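Note that chain A is present in both complexes that follow, paired respectively with chain B and with chain C.
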Partner chain A sequence: MQKMVSSIRHYVSVAACFARLAIQRQLEYPLFLFSWLLMIPIQYFSGIWMLKIIVDRFQPLNGWDFPELTFLYGLGLISHGIFVVFFINTWHIDNMVINGAFDRLLLRPMNVFFQLVASYVNFIGLIDCIPGIIIFIYGCQLAGFEWTAFNIVKLLLVLLGGVFIRAALFISLGTIAFWTKRNASMVSFALAMLERGTMYPLSIYPNVIQVLFTFLIPIGFISFYPAVEFLGKSSGGLQLPLSLALWTPAIGIVCFLLSQWVFRIGMKSYESAGS
Partner chain B sequence: MEAVIEVNELVKEYMVAKKESGLRGALKSLLFPEKTKVKGVDGISFSIAPGEIVGYIGPNGAGKSTTIKMLTGILHPTSGSIKVCGISPQADRKAVVRKLGVVFGQRTQLYWDLRLGESFELLRRIYQIDKTTYEENLAVLSDVLKLNEFIDTPVRQLSLGQRMRGDLAAAMLHSPEVLFLDEPTIGLDADAKHAIRDFIKEMNRNRGVTVILTTHDLDDVEQLCSRLVVVNHGKVVEDGPIESLIHKLTPHRLLVVELQHPCDDLSHPAAEIIKRDGLKIWYQFEKQRMTAAELISDLSQKLPIQDLSVKEPDIEDAIREVYKTT
Partner chain C sequence: MLQAYWYITKMRLLTSLAYRFEVFASVGTNLILMLASVFLWKAAYGGGIQQVNTLNLQDLTTYTILSITLSSMFVCGVQDTIYYKIREGQIVTDFYRPIPLFACYLADDLGGMLSALANKVLPLLLFASLFFGIPWPSSAISLLLFIPSCLLSYGILWLLSALVGLIAFWVMELGNMGIVKDSIVRVLSGSIVPLWFFPESVQTVSKFLPFQYTYQTPLGIYIGTVGTKEALAAMGIQAVWIAFLFILLAAGWKRTKTKTLIQGG
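Take a look at the complex of A and B:
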């Protein structure tokens, strides 16, 4: 017990130091920071503007009107924002393998995955969260989301689960780099897939894709299924039992644990093959 | 005494894909990959006692880096056993790496964008070094490596020599028992090399740190290492003190004689003429068979000698001999 406490204290102290250094490193390049500050809001607000044009000009997307779409989009954006703050290094495993930075993690007496993730807290990612929060709150206003204590707890669990699902996806993809040494294209592909899968209601897609994004790569649980429940919509072709929103944290944790297992297998292969 | 590092019949195999030239070749190896098993390390055994400075040398691709990566727990061997401070790095990586300091000359573990001191602070927390030990160690290291001149400079602005000093300090902060140095003097000027060699000697003498050094700089080897392990094609080809290695591999000496005027009979029964250039003649002889004095006295009786010099083989000749024969 005492050993565990001191071990936790050790990891927290290192994580805090990593975070401080990461912030200092990012502040070394203020212009770079500023360019993100400009670009990211433009990207997301233009995204929501597109949704509005589509719905205004044509018709609600499969029964989803603009307020509901804003709610859905905002929910997805927030979990994306939190993800890029804490897990962005999972995008760079291939580089670390190639330039030897990964070897350095193996030379230090700490958990390798912890070092990988904690060594870069991307506080620039907070810029991703801000438009996400604005869009989400705007969507809540429009769609008449009720801020009850129960709903807030559910919402937090959904966000947590969403972050875990995203992290699991990128950890699994990043692990491929242990074999292929290159996976940058996989990362951008997964990002595009996530954007399409979380921005629009899953029910507009053909059944095959709905099944794929529900059971195989469960990104439907990041924003679509929780939004279905919060807004009292129909989930379309696939009817799932129980409270849809509460599936998200459960699936998030299962996926995350699975991705840890995949990561360990990848590391074993790295240890036996080298780079 | 108990060995710090004990390596037994270490083997590392990996698959190498055979690539053929051109687009046709690329397509062919994509569809029908031809993979061959290569033994990067092929049955290496040695043991290193506490306080030794061992030069681990060999030509490029001999298996040096792979061995170092296995000893430090980065890679797992295909077969064979490793014990570092009595522990197998494959069984308990964290316990072993706590006792190791590792410097790769080609890469840095320091944060590029931050002042040098920040990287040290991070390492202090990672290795859980208590404040007093940390400050003591840092003071000693600063003194030997003159870190004070640049501890507040961002690493990206350091010269290569300063950066290497920073990396050495980073590797020594947690008082490791064993220091692995992979080409620590690569690309450095004479002054910086000197400083780094002094540091290695100092750490070895005052703290009893065992050092394993890979390098292509034979001056490093000559000035630092009491023992050499020479590998080639994944096998240990020589292992022993430097003097005996030179002695064993290059039993020859050279006598260079310059004559006053040309002569006809230059030969000597125990020396071989290996080169002639005008009035200069190079005699090669075996030190066991004859002393230089004897040869000089024999030759001076029949030849008008203007000038002469004796050349001892050095470590470079010895190493060239090893690489040639294996």
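Take a look at the complex of A and C:
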């Protein structure tokens, strides 16, 4: 017990130290953020604007009207933002393998995955969270979301689960780099898939894709199924016992543990790219 | 003289063709974007809506497929090339060359475009045809007009990209402004949602901006929304924009050349 407490304390202190270094590193050139600061809000606000144009000119998408679409879009975007703050290093595993930075992690007497993630807390990712929060709150307002204590707890659990599902996906993809040494383009592929899968209602896609995104790569649970429950919509076929929203954290944790297992297997066949 | 440019183009063509895995993933990414957009339109047209603004679902499916295919082909690496070369100080070696800097970068991008034609455009069109049927043009004339209009579109996009690259010479510490420009172009070019659906006021303003002449013009010609006469007029406007942007670039470059800072040189 004593040993565990001191080990946790040690990990927390290391994480704090990493975070301090990361902030200092990112604030060294503050103007460098300028282009991101412009680009990210433009991208996401225009995304929701185009959904509004489509709904205005046509009709609600499979029964999802603009307020509900905004709610869904915002929910997906916030979990993306949180993911980007804490887990962005999972995108760069291949880089670390190639330039040998990964060897350094293996030499230290600490959990490798913890070091990988903690060594770069990406505060710039908060820029992604800001449009996410604005769009989500706007959606809540329009769709009449009730801010009861129970709903807030559920919402937090959903966000946590959503971040875990995203992390699990990118950890598994990153693990491929242990064998192939490169996977940067897989990351952009997965990002496109996640964006389109979480920001539009899953029910607009054919059944094959819905089944795929529910059971095989469960990104439907990041935002679609929780939104279905919060807004009282039809899920397009899927029936699960208990509350749909509460499945998100459960699935998130299972996926995350699975991805840890995959990561450990991958590390066994890791060979230093060496130089 | 032209031999030098052809050499650059050829080298880029060969290197691009060598990275097969990257291409594979890029086609996959574009395919996902394509599928998602087409299903979005299907949902929008679901339940009995036939036509909106004289466009039916087939028109928009063709529009989307072609739009994403074009975006994979229009290689405008010049903004990133300049940005990274200035940051790393490598721009100095390009100044040594006996041929103009921007012409080099154009030759390079053209090589990228040629290789994209083979390894991105073909597979994308093939998959799209398998999923949604072959995206036929509305007539033979529209196909004939589509091709020169695409070339003019590329001219506008490339010059915009080069102008952003020019900005990097002045304010490199602001980061890569190319990503900002790209996100604006994506929306205002009508590459995702045609501008015909946008509010009237936005459409009016957009007529005086270069963006809609990059994607919407050729795509509108292809699906037959823009008639032959309007198509020729639109291509005239495209040419005017190219002339204007070219003069801007030439003037800007003249002033910039003399005050280039070589990092770490």
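Rule of thumb we're sticking to: the second predicted complex is superposed on the first by the 270 of 275 C-alpha atoms of A that agree within 3 Å, B and C clash if a C-alpha of one lies under 4 Å from a C-alpha of the other, contacts with A are read in each partner's own complex, and residues count from 1 in each chain.
Convention: contacts are C-beta pairs under 8 Å (C-beta built on N, C-alpha and C of every residue); 3 or more make two chains touch, one makes a residue touch a chain.
If you're wondering where the values come from, they're calculated on a predicted model, not measured in any experiment.
Student: Under the stated touch criterion, which partner chain does A:G100 make contact with: chain B (first), chain C (second), both, or neither?
Tutor: first
Student: Could you look at A:M50 and tell me whether it touches chain B, chain C, both or neither (first, second, both, neither)?
Tutor: A:M50 contacts chain C only, not chain B.
Student: According to the stated criteria, A:S188 is in contact with first (chain B), second (chain C), both, or neither; which is it?
Tutor: After superposing on A, A:S188 lies in contact with chain C but is clear of chain B.
Student: Tell me which partner A:L33 touches in the superposition: chain B (first), chain C (second), both or neither.
Tutor: A:L33 contacts chain C only, not chain B.
Student: For A:L160 in the superposed arrangement: first (chain B), second (chain C), both or neither?
Tutor: So A:L160 meets neither chain B nor chain C here.
Student: Contact-wise, after the overlay, does A:E271 reach chain B, chain C, both or neither (first, second, both, neither)?
Tutor: In the superposition, A:E271 touches chain B alone.
Student: Check whether A:P109 is in contact with chain B, with chain C, with both or with neither, and answer first, second, both or neither.
Tutor: first
Student: As a test of reading the superposition: which chain, chain B or chain C, is in touch with more residues of chain A?
Tutor: Between chain B and chain C, the winner on chain A residue contacts is C.
Student: Classify the contacts of A:V254 with the two partner chains as first (chain B alone), second (chain C alone), both, or neither.
Tutor: neither
Student: Please identify the positions on chain A that touch both chain B and chain C, taking each partner from its own complex.
Tutor: Residues 29 of chain A touch both chain B and chain C.
Student: In their shared complex, at which residues does chain B touch chain A?
Tutor: Those in contact with chain A are residues 14-15, 66, 69, 72-76, 78, 93-95, 97-98, 100, 102, 104, 107, 109, 111, 113-114, 118, 121-122, 125-128, 154.
Student: Please output the residues of chain C touching chain A within their complex, sorted ascending.
Tutor: Going through chain C, the ones touching chain A are 21-22, 24-26, 28-29, 32-33, 35-36, 39-40, 42-47, 49, 52-53, 173-177, 179-180, 182-184, 186-187, 192-193, 197-199.
Student: Which part of chain A faces chain C closely enough to touch in the complex?
Tutor: Its residues touching chain C are 29, 31-36, 38-39, 42-43, 46, 49-50, 53-55, 57-59, 61-62, 182, 185-186, 188-189, 192-193, 196, 200, 204-206, 209.
Student: How about chain A: which of its residues touch chain B in the complex?
Tutor: On the chain A side, the touching residues are 10, 13-14, 17-18, 21, 24-25, 28-29, 99-101, 103-104, 106-110, 271-274.
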